[in-house]
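Presented sequentially are two complexes of subunit A, the first with subunit B as partner and the second with subunit C.
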Partner chain A sequence: MTTTAVPAEPVPMRVSYRDRLRRLVSPMLFMTPAGVLTVAFFFLPVIILFGISLTNLSSSTGFKNYEWVGFENYVKIVQNPLTKLNLIATIKYVSLTLVFFNIGMALVVALLSTHISRRAGFVYRALWLLPRLTPSVVYIMMWKFIGADSPYGIMNQHVLEPLGLSTANWVAARPWLFVILTNGFIGASFGMIIFTSAIESIPRDYMIAAQVDGCNAWQRIRHVILPMMRWPLLFVVTYQTLSLLTSFEQIYLLTDGAGGTEVWALWAYHRALNNYWGNFQWGFGAALAMVLVAIGIVASVVYMRFFQFNALVQEPKIEAM
Partner chain B sequence: MKVLLENLSKHFGSVVAVDGVTLDIRDSEFVAFLGPSGCGKTTTLLMVAGIYKPTTGIVKFDERVVNHLAPRDRKIGMVFQSYALYPHMTVYQNLTFPMRLSKVPKSEMEARAKEAADILGIGALMDRRPGQLSGGQQQRVALGRALAKQPDLLLFDEPLSNLDARLRLSMRGEIKRLQMELGITSIYVTHDQVEAMTMADRIAVIREGKLQAYATSDELYDQPRTLFIAGFVGNPPMNLIEVEVLQEGDSYRARRNGFDLQLSEARGHKAAGRGKVILGIRPEDVSIGDRGLRGEVYVVEPLGRDDLLDVHVGDASVHVLADPSLHLKIGDQVQLGLNVDKVQFFDPESEQSLLWA
Partner chain C sequence: MTWKQRLGSAIPYILLTILTIPVFVGYLWIIISTFSGRTYGLVPVDSQGNFGGLTLENWSFLWEDPNIWFVTLNTLLLSVLLTVGVVIISALAGYALSRISFPGRKTFLAGTLILHAFPSVTLLISIYFVLRWISNLPVLGKGLPIIGGFGYNTVGGVALVMVSLSLPLGIWLMKGFFDNVSWDMERAALIDGCSRLRVWWEIMLPSIKPGIAALSIFTFITGWGAFLIPYTFITDQEKSTLAAYLNSLMGETAPVNYSRVAAVGLFQLIPVLFFFIFTQEYLLSIFSGGSKGGT
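Take a look at the complex of A and B:
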């Protein structure tokens, strides 16, 4: 044995108090900008909104003479005869637009455009983006031109009259049809883009395997493509539910709530910011908006739990391997 | 089932992926398509599968032209490098998916799935999903899916390339044994010449879309018809040395700077008088002795059973498989004996063999 002094055990690394503090603080510092933005633009508005919803703040009280009224606005909502109608209109609007366009049409367009030549598919999808790119006022004007009352209107003048069919004031006659068409043609492009990229990233071997295994085109979509798109499907369902719940500008421009199309978000807007009697009921409108926030939170939680959204987000987007 | 490819070509725009391939596959035969990546072997396979339509030429199954038959009507089974097991189905559902599509009765479906699973030893995995299986197990399931549908033709697209070396070795033997027992005509695409040589009855060597040779592995190895085959088949690869073959009376000699080799008359006379030719000799046909070409050991690579030497003879480099017990070191002077009955000759311009034209 040599006599060289070797320590029997390694000396534990000393971590100074300063180091420990730095390790604790520096991640916080990195998170600060995002944290500030989140708090300033997501949490604070909700808290302010909730605060306003507990007052009778309106243009007749002004910013000085308002009173705290507790949950009176919420009680009013429950008692209001319009509540049920507008809630049904909202559910109708969200679910029909979602099913037929934001998911249904988006899937159809994505599937069609990935089964034709690449260039044609690209052009086809680009066309579907036009409604989203067009300023909404112009876009709705065009729809109004299509449905305008006779002797005007593209439908009346150029389709129905030449065929000798009876004309109508179409937007007023079929308000729901127009509400869902106008919103659907805008909304479909979002899902279309997500679904197209999902379909195109399915490895080619699966497509070959499906054909060799005996699938026709429909069976390949049904048994191979759709099951591999679970994540993008759920994502689009969730995201579009939430954005439809709060959207109202196209309905506002098209029918302004006439014909039973007063959805919840439009109702809140009308009461708070565009009141017929000129009294902007900010407190009541805030309470209406809070209900929407609550519905959104509940829907998100349900989607996340029920569809195991968290687990899906962590998995690869395409469950290839 | 017999398969016949006749003058088969596939163009993608201006790119010619497959160029006039003609070959026949006998009933129950195991044929490998061998070539470097991008040579057109997979494109050829996909034309047989019906995924690609040939630009010209025909594909025949037995006596029937199948060019316009959809893949699902061809009675083929296919195994992929990526396994391509459907991730949302269990092993059982994967095995029976083709049968469900063709509406096989449930009892028969179960029996066939069980039979395939038993053959491949995956019976205990029926309820698992592909994500819960190892690579080797996934490949067995993929093979089972192809077998359970009882195809007339099995197509393999580099099925072992994603497996580790040990597993690849055992699966290689297993696939070969299965194919022989079941007698299903098979086409096996690979870039690995060892796989092709060990498994296939005949090997189609494909290069740049053209069929270079279609022969048994022994023939490819001992009688390479082109320079490409000589260099591609065999590991370590054949030595290729540019020489001039001269006739001196009855004897033939291959010469270059510092290199002078007495040849047999049978092989020598075919290469003589042509100016520069390429001499090929496999590393195992060169021996270290006390006679022959003088050279200097430049690199020693111990491979365990052999040492692979790079010996410089003049300005030529010759790879030699040598006995490790010789303990040769870099810089040692050695003498090389070449087995003149195994020497190959190629025309440097046409790259064709001068011996096996």
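Take a look at the complex of A and C:
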């Protein structure tokens, strides 16, 4: 950054009260819009969510006749027979997508695309970004068609039939496969970009030294690249675990929770805001969401501590004038 | 090079191509399908199942269904509101966080970072109640022209929610861009008695144009494809967005007419592909600058 000779900070003279107040005016001006919206759509909602989770508020009680029920909703979660199933689905969804795509595929694509010509590598990485930019409804529609019934579906028509294998509507027959594929192809790009910049920042000398020592490609990856990527890997794992835990848009569009794919976040959404019976259980849904919010708060605080937050928030170099 | 070495250097290309096939195939299908009566896999066929049947009929929704233009306008309105809102508010806050020292700065920055990692979709239930409360406000709630207001079941309300949820990423990126601007000019201007606001507008904003462009494009694409929030908070069909409209098309007829649905999908995809082809570098820079991973 700029290290040009900078005149020393003016020695602060006695600052009058009015001046001090005036100094607060401009930051206030700049910060107010962001501040108001953050309070209205982040802080208040967390408090409201906790409040609602302590009531039996639902479309049958209406907005007026609800009662405070303490932690009854949380007790209900523990007793609900669906809890175990949906918890297992959530763990399955998060761990499989994370391992195979957000980490696994991301690493593979990053490694491969950094070992070919720069231009080609860029094109491949850009292609992998496309699923994330595509409107989710259009994107899921493509996958539905890839797995659609014979003779329409692409998998059936171009892969399975020529091989003489049996055909099916694969989204319905293998919901998990498709849930993980659709989310994975979106999720992989995040890790891919982080890993790519990590790989590109490894000093060339190390690679050349390894080659001189007679390492093959796999040994180079295993003993030079991977050990230097501990931090980016850890970062992507923690960040993506949290994202996956709370994402449900693609699952909603693809299976709507059918076939055992009702993950926790989708369960909360169904109960509180979207179900066929029109009975919205805001209280119970809020308790379900609160579980995720609690995990989110704990995880993000831990994660800030972990990734050296103080280095990121140094004081500005220019002083208030 | 021996043939063995040549094969060795081709292997990464082959593997990458194989891994990327599903992405290719999906987009290829959507393009073929929109111009065919129906498709068997990627092959356009006529009603007898023979090769052929190319047609423009799937695009007839453009002149037969007036709804498409309403929802397109709504989507455009939402994306523009979202982009303008996010860029202006994050540029304001990002500047203050980068350049002014004031009490609470560190707390706000920490908050921004935590919110950046925080899964905001879990708050939809309570945001529903916040929006319903805003609806009860006079005029602001649901009495404004064009955007409808900022309450429940209005385009303005959805834009407001989406702006708020996009702010942590926006502020963080903007602060990063401002941090990299040398402050000699700014300092000179301040000494000459320029106000902070004028410095922001006349000196700082022009020097981070590429950053503003990247954030605008990314935000516009996000708004254009948004499904969950508009779908949850807008109940009237005529106020809904393209994504919600497309979703309802897929749900309504029992054997879904994929070719027709695909045409609507491609219609929605056009601006995204346009931006993608011409601005990939900007977009990749957004993600390496610190990304909010959707999934």
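Keep this in mind: the second predicted complex is superposed on the first by the 244 of 321 C-alpha atoms of A that agree within 3 Å, B and C clash if a C-alpha of one lies under 4 Å from a C-alpha of the other, contacts with A are read in each partner's own complex, and residues count from 1 in each chain.
Note that contacts are C-beta pairs under 8 Å (C-beta built on N, C-alpha and C of every residue); 3 or more make two chains touch, one makes a residue touch a chain.
Bear in mind that the values here come from a model prediction, so they are computed numbers and not experimental data.
Colleague: Specify the partner with more touching residues on subunit A, choosing between subunit B and subunit C.
Modeller: C
Colleague: Determine, under the contact definition given at the top, whether A:203 touches first (subunit B), second (subunit C), both, or neither.
Modeller: It touches subunit B, and subunit C stays clear.
Colleague: By the touch definition at the top of the document, which applies to A:134: first (subunit B), second (subunit C), both, or neither?
Modeller: Touch status of A:134: second partner only.
Colleague: Using the touch definition from the top, say if A:297 reaches subunit B (first), subunit C (second), both or neither.
Modeller: second
Colleague: Thinking of the overlay built on chain A, is A:120 touched by subunit B (first), by subunit C (second), by both, or by neither?
Modeller: second
Colleague: With the two structures laid over each other on chain A, which partner does A:87 touch: subunit B (first), subunit C (second), both, or neither?
Modeller: Neither partner.
Colleague: Please work out whether A:237 is in contact with subunit B alone, subunit C alone, both, or neither, and reply first, second, both or neither.
Modeller: It touches nothing on subunit B or subunit C.
Colleague: For A:219, using the defined touch cut-off, is the partner it touches subunit B, subunit C, both, or neither? Pick first, second, both or neither.
Modeller: Touch partner of A:219: subunit B, not subunit C.
Colleague: Touch check for A:227: first (subunit B), second (subunit C), both, or neither?
Modeller: first
Colleague: Considering each complex separately, which residues of subunit A are in contact with subunit B in the first and with subunit C in the second?
Modeller: Common to the two interfaces on subunit A: residues 319-321.
Colleague: So in the complex, which bits of subunit C are touching subunit A?
Modeller: So the residues of subunit C in touch with subunit A come to 9, 12-13, 15-16, 19-20, 22-27, 29-30, 33, 38-43, 49, 88-90, 92-93, 95-103, 105-106, 108-111, 113-115, 117-130, 160-161, 163-165, 167, 171, 180, 182-184, 186-187, 190-191, 195-197, 200, 221, 224-228, 232, 242-244, 246-247, 250, 258, 261-262, 265-266, 268-269, 272, 275-276, 280, 283-284, 287-288, 291, 293-295.
Colleague: Under the touch definition given earlier, write down the residues of subunit A that touch subunit C in their complex.
Modeller: Residues of subunit A touching subunit C: 1-2, 4, 23-24, 26-27, 29-31, 33-35, 37-38, 40-42, 44-46, 48-49, 52, 97, 102, 105, 108-109, 112-113, 115-116, 120, 122, 124-139, 141-146, 148, 151-154, 156-158, 181, 183, 185-187, 189-190, 193-194, 197, 239-240, 242-250, 252-253, 265, 268-269, 272-274, 282, 285-286, 289, 292-293, 296-297, 299-301, 303-304, 309, 312-313, 315-321.
Colleague: Quick check on the complex: what are the subunit B residues that touch subunit A?
Modeller: Contact set of subunit B toward subunit A: 46, 49-51, 70-72, 74, 76-78, 80-82, 84, 86-88, 97-98, 101-102, 130-131, 145, 149, 155.
Colleague: In the complex formed with subunit B, which residues of subunit A make contact?
Modeller: 203, 205-206, 208-209, 211-216, 219, 223-224, 227-228, 230, 319-321
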